[in-house]
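The structure is given below, and queries will be raised subsequently.
Chains here go by letter, A, B, C, D, E and F, matching the order in which they are written, and residues are numbered from 1 within each.
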Amino acid sequence: MNKNILDTFIRNALHEDIGDGDHSSLACIDKNAQGKAELLIKEDGIIAGINVIKRLYELFDDQVTLDIQILNGKRIKNGDIAFYVKGKKNSILQTERLVLNILQRMSGIATSTRKYADLLSGFNTRVLDTRKTTPNIRFLEKEAVKIGGGENHRMGLYDMIMIKDNHIDFAGSINNAIKRTLKYLNKNGKTNLKIEVEARNLEEVKEILSTGGIHRILLDNFSIEETIKAVKLINNKFETESSGNININTIRSYAECGVDYISVGALTHQINSLDMSLKATE
Amino acid sequence: MNKNILDTFIRNALHEDIGDGDHSSLACIDKNAQGKAELLIKEDGIIAGINVIKRLYELFDDQVTLDIQILNGKRIKNGDIAFYVKGKKNSILQTERLVLNILQRMSGIATSTRKYADLLSGFNTRVLDTRKTTPNIRFLEKEAVKIGGGENHRMGLYDMIMIKDNHIDFAGSINNAIKRTLKYLNKNGKTNLKIEVEARNLEEVKEILSTGGIHRILLDNFSIEETIKAVKLINNKFETESSGNININTIRSYAECGVDYISVGALTHQINSLDMSLKATE
Amino acid sequence: MNKNILDTFIRNALHEDIGDGDHSSLACIDKNAQGKAELLIKEDGIIAGINVIKRLYELFDDQVTLDIQILNGKRIKNGDIAFYVKGKKNSILQTERLVLNILQRMSGIATSTRKYADLLSGFNTRVLDTRKTTPNIRFLEKEAVKIGGGENHRMGLYDMIMIKDNHIDFAGSINNAIKRTLKYLNKNGKTNLKIEVEARNLEEVKEILSTGGIHRILLDNFSIEETIKAVKLINNKFETESSGNININTIRSYAECGVDYISVGALTHQINSLDMSLKATE
Amino acid sequence: MNKNILDTFIRNALHEDIGDGDHSSLACIDKNAQGKAELLIKEDGIIAGINVIKRLYELFDDQVTLDIQILNGKRIKNGDIAFYVKGKKNSILQTERLVLNILQRMSGIATSTRKYADLLSGFNTRVLDTRKTTPNIRFLEKEAVKIGGGENHRMGLYDMIMIKDNHIDFAGSINNAIKRTLKYLNKNGKTNLKIEVEARNLEEVKEILSTGGIHRILLDNFSIEETIKAVKLINNKFETESSGNININTIRSYAECGVDYISVGALTHQINSLDMSLKATE
Amino acid sequence: MNKNILDTFIRNALHEDIGDGDHSSLACIDKNAQGKAELLIKEDGIIAGINVIKRLYELFDDQVTLDIQILNGKRIKNGDIAFYVKGKKNSILQTERLVLNILQRMSGIATSTRKYADLLSGFNTRVLDTRKTTPNIRFLEKEAVKIGGGENHRMGLYDMIMIKDNHIDFAGSINNAIKRTLKYLNKNGKTNLKIEVEARNLEEVKEILSTGGIHRILLDNFSIEETIKAVKLINNKFETESSGNININTIRSYAECGVDYISVGALTHQINSLDMSLKATE
Amino acid sequence: MNKNILDTFIRNALHEDIGDGDHSSLACIDKNAQGKAELLIKEDGIIAGINVIKRLYELFDDQVTLDIQILNGKRIKNGDIAFYVKGKKNSILQTERLVLNILQRMSGIATSTRKYADLLSGFNTRVLDTRKTTPNIRFLEKEAVKIGGGENHRMGLYDMIMIKDNHIDFAGSINNAIKRTLKYLNKNGKTNLKIEVEARNLEEVKEILSTGGIHRILLDNFSIEETIKAVKLINNKFETESSGNININTIRSYAECGVDYISVGALTHQINSLDMSLKATE
């Protein structure tokens, strides 16, 4: 994770919540009063965001000390203590909501990802995220997916070529679209970008195979039977990826077809914050 | 909504997704090719974010024209068209994912809020959001809550006083906490801030009542029976707010107790993006 | 599908809905006004009934033209257009409800069947329907099962022998029931009918095996363990079929036992119409 | 219910299932053997179709005697006996599946309808079915709705005027559509037909009110708040009907708005057969 | 609660779990080692059984000290501490499972009861338990119901008369059954027992009314409409009680009919232990 | 099952329900009147408790005769008759509730266990219960688990050594805890007790392996991936057991890891009584 991006994110978010001051705490609590708190886990899952929280406390008040009990990516259970924090009461209170908002959302994503990843154990298939992320928070959400045992698909439109139906329709054919792309990448010195082409049916898979020059084929909205046939046709010549409303009930069936990747929009499209609280202990 | 904040948000989010270029589209599609698309609604709900999208297209390419069919806050049904968009194919494609990420998340929040608000029809009780929002996106998420028929609680720690258990425990008593707060507000020229005090049981309600000088009492984790008693005790002397895991099944029972507000963390804590797609039509 | 039966079905159903006239349309719309509409899919699934709809338009008004986009049995997604229809506005309006009632019910059955069929991918087991169908619509419902990837069990009492507990109890023993049946089929020139015998436990399986002369054994309400034992005992001497409240959660476990068929009453016993609409476009 | 239609329905359905004979029973069971059976209810609900079954036995074999224990429309519980039947074993067996298919589907509809109707107890609002029925079985499905405590909307396109968006758009305005309709009804001697007009928003409600000459206004896809306003505007001048994805969770809120009718497509659009069996007792 | 019964229950249960010794603890932990633990709540609900636990520790080792934080019947939240316990490590460990088994089951029942009771707030109707309890634990389960806000129906067959269908059928009529009962009670000096009579329909309600001499009428499996009529007929002459698969979704509708009691078998028939743990803290 | 314990359980439970008499039956029904009843199954599952019921009738009135149709452990379906009972009406009525309370609870547990056991078919893994049972009813609940196809874990603290985190922490290390235990067992003549040691992570598994002298390792709250690694490390040197919120959705994935046992607290921790009734037939 890029440190500048993270620091900017944290500073903006602190400002968003605190503005010109946490007047409730400033009014009621002596500015030098010391306190302790513990992060109590209230729902089973996978923890993520611990490193972000660590940086957050450093930036906000470097006198706050953090005693981390559970590392990023570990399984947590209702009742666990993830960390103890000690320092000025005002510092702990003023960062409390942001700490929770970050940890709960990232852990929610990691927990959901791990459910998918566990269902793939024993297969060579890996679960991917998508670009369906919260605007400007993609770097954190994709980090949470990795912590949960998933892999990241491309970060944006810029770091991989994905030839979709729109591109193919405009170029006139799959063959033309791939050729235009190869020429473009050559001309612009971007030959390091991987190329993935979307297929909507077995005929398009065959057309892609007859063209070549690419790295991965996306099997979009294929049934199980069509996926089995496609994997056989492609025969490891290119990587394969399944997508299209694949969920917790169907992911194993797709993995059994032998695809390399399955991308799941729901990982970041539905966000269920994991239940936690920061409990003052003295 | 503050225009500068919105514009910065949009510019950053465009950069996040596009980086140094949407190379797939640049490669396959002529840079001046014109196209059309329509935003197809695929799940019943309430639409939100239309104004953000409007600004997004203006900022990205002011030659793109938008023909809006459904205004913010309107009920939408699976199969509806929310808007038509016309302009450079490349402009439409490069903004597609961000347009959807904004609209789907804001509409998801508005839809969820409307369910709560509808359950309160016939009562004088209003549903409030909380500070449990995505870091740095709070302004958009709170906007979506308003569009869905909810009201916004305080924006951050800075625009309202909320005296919670921590403050009370430190100050030694409810009475002390309120007195310290009034003194602080006076001294710092912040007497325009409203004061809300959290009560954990009926005894604390009585203690708050005997002190006075505040605007609202938060009844945190009160049962229905305790809420009825508290509302009677408070007797409209102050505003009342219920909170604590109140959900779609219990909100009406709390409203029947006569509280003024019910705050619901889940409005922004669980985000279920509403299903939509941007379909190219030519 | 028998063409006469289909035509009679369509004519009766048109009469059922239209009677002596669609007076609303006749009153408001010029009788020669031309229009267009599209069939919009609003829920993911498998489409079925397209051929029935084609015949319906032919019978009702052969000037209506149909531009089919998606063929029977194909996977459909919320937002897809299954066909475009063009012709007299009155013709489109008067057949609208029947078109939807047929397509939505058949597609609902095909979608449900496909879920079961997909769960059997990789096994040699096939999913069968039953006689638990809507009276007089069995031919369409069984057609939808086939489109969804299932196979049809017998059409009625007449095209296969199924010796059930009642028959066995009356005949006095499995042995007697089979003997009576073979004699009857011989005498009545019905030796082409296949014979299936129901077993309620492993003892009955053994008794059937010691008699022979049949084609398939139905293992009714067997547990997984009993099914494994039964399949081993039968040892491919006869076909095997499992039945008895087998559902989406348990069908794979039964298939893993190695039975040839699994019959599922719910395919036609619970009908969940798939969401679609016919949208006028001009 | 029309007796000829019912008899034809029954005869066709018997032929559909039995064809040239129930060869399994003919082979195994002496043709004069007498037997008894009882209809065992296996799921709580409302029974419907008893009269159809009575006629079915009369038509098939008038020597079969039926001892009915529970009348149409009564609440039934898992474990109840709905009737005893006595007669030729062959007659009981050959009609078994059809008896169950009719009773289970009609009772499923009646049970579902009763859930809606019960939620309306205490209100003057009544629940209506729609034309979303199984083709050619509408008369039975609408009968089941009545038995379950619902009311029937129009039987088909012929027995009521329903001016929908299509008619209004074609006629140019609500005003024109109503005028054309009144003229048409006059001219064709159909002035006994009731007129209902669909409104999509409060503006259309006002336009309908300013025109008049009709019987009922359909408030399609109105929110709770809009419905409250519409009912106030209409002020009992015409009947009111709410429609549009109203379900078991929202029907009471709509009834509280004071509408006269709520139509629910799901009553006949989703069919969940109620669990029953015909058990031989000797 | 009878102290002897409670003590016997606790002693037997301790023996059931410990038998001739907790050999794991005896082996590993010094017999005089002192320890502390806290009871951590891991699921929201109502706590019950605290007094039983208090007695359990007294009986097992009166050197164990208990610091109770939350009293019986209080609302608890995931993360709360219900009590702290201090004493010999061995004593804490050997009673741990029994403490949890008692608290979790009783709190599960109290939590479930409170859901029903809360739904009745604002009505004069009270929720009752039944005799559908775990054999020999009825006194604890009924205690938990009271703690959750329900009332106890009769404790057994001995402390109230309940004239059910069997009794009526044997006696020949409702009238006879009531007369026999009054005579029996007189003769046996049991006139202090209350009499409740079960009615299966409105006719039976009328027959009971014409007889009199009783205290309560049970309306078994009445629909909402029949209940409204029955309550009107009875007109406060006797108490009224509804029963028959009334659940969380329907209980309010029955209460709105004005019955005095609603009995709910599920309170003790389905037991969902509330999640808790006893955490060693040093 | 120990006969004395069973008889005491039954006698106490009869006394709990009947006390000084079933006055309703005594009043209404002649003491010598004879009757019949049948136990009607109203929900699919596995039956358990038949032997307990048999003994119950023997103890209460040895003139009651029982005609058992379905044996313990058999699959039952809604509509089945489990047994017929004949004898004094008063005897049948006075034991009715207890008979049902025992059968419904035990069958509920057996049914739930069978669901887990069926998911393990084809694996060598067996499902175990825990000590999370109803106090004083453990012997019956564990019996029900066996009938449902599960195996019993230890009966109490006395019949097996289970070295948990508390023991390890006190002893200072796994190595010390095991050594103390072996010494204790030797000294106390308890070397027949099996030893299981809990591991919280792979490091602890390695430490246990380096010590030895035990029988089984408990992998508590291990992820699928960690379990695969642990099973490989242990390499059949000791038995393995997985535990920690393993449920119906995840049990197969754990079994695929190759563990010998999976313990599931929910088998007895959540009790869903299976629906049955005792129906008087004359």
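Criterion: contacts are C-beta pairs under 8 Å (C-beta built on N, C-alpha and C of every residue); 3 or more make two chains touch, one makes a residue touch a chain.
Note that the structure is a prediction, hence the values are computed from the model and not measured.
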item	value
Neighbouring chains common to subunit B and subunit D, by label	C, E
Matching chain pair for D-E (criterion: over half of the contact pairs shared, by residue number), options A-B, E-F or B-D	B-D
Equivalent interface positions on subunit E and subunit F, same or different at half	same
Fitting subunit C to subunit F on CA atoms, where both chains share a sequence, rotation angle to nearest 5 degrees	120
Rounded Å distance between subunit D and subunit F, as computed from the means of their C-alpha atoms	47
Chain centre separation (subunit A, subunit F; CA means) in Å	42
Residues of subunit F touching at least two other chains	none
All pairs of touching chains, each written as two labels joined by a dash	A-B, A-C, A-E, A-F, B-C, B-D, B-E, C-D, C-F, D-E, D-F, E-F
Complex contacts: residues of subunit C adjacent to subunit F	221, 223-225, 228, 244-245, 250, 253, 256
Interface residues, subunit B side, partner subunit D - complex	44, 75, 77, 114, 118-119, 121-122
Complex interface listing, subunit A residues touching subunit B	9, 12-13, 16-30, 33, 89, 93-94, 97-98, 100-102, 104-105, 131-139, 155-159, 161-164, 166-171, 177, 180-181, 183-185, 188, 190, 193, 269-273, 280
Subunit E - residues contacting subunit A, complex	40, 42-43, 78-79, 275, 277, 279
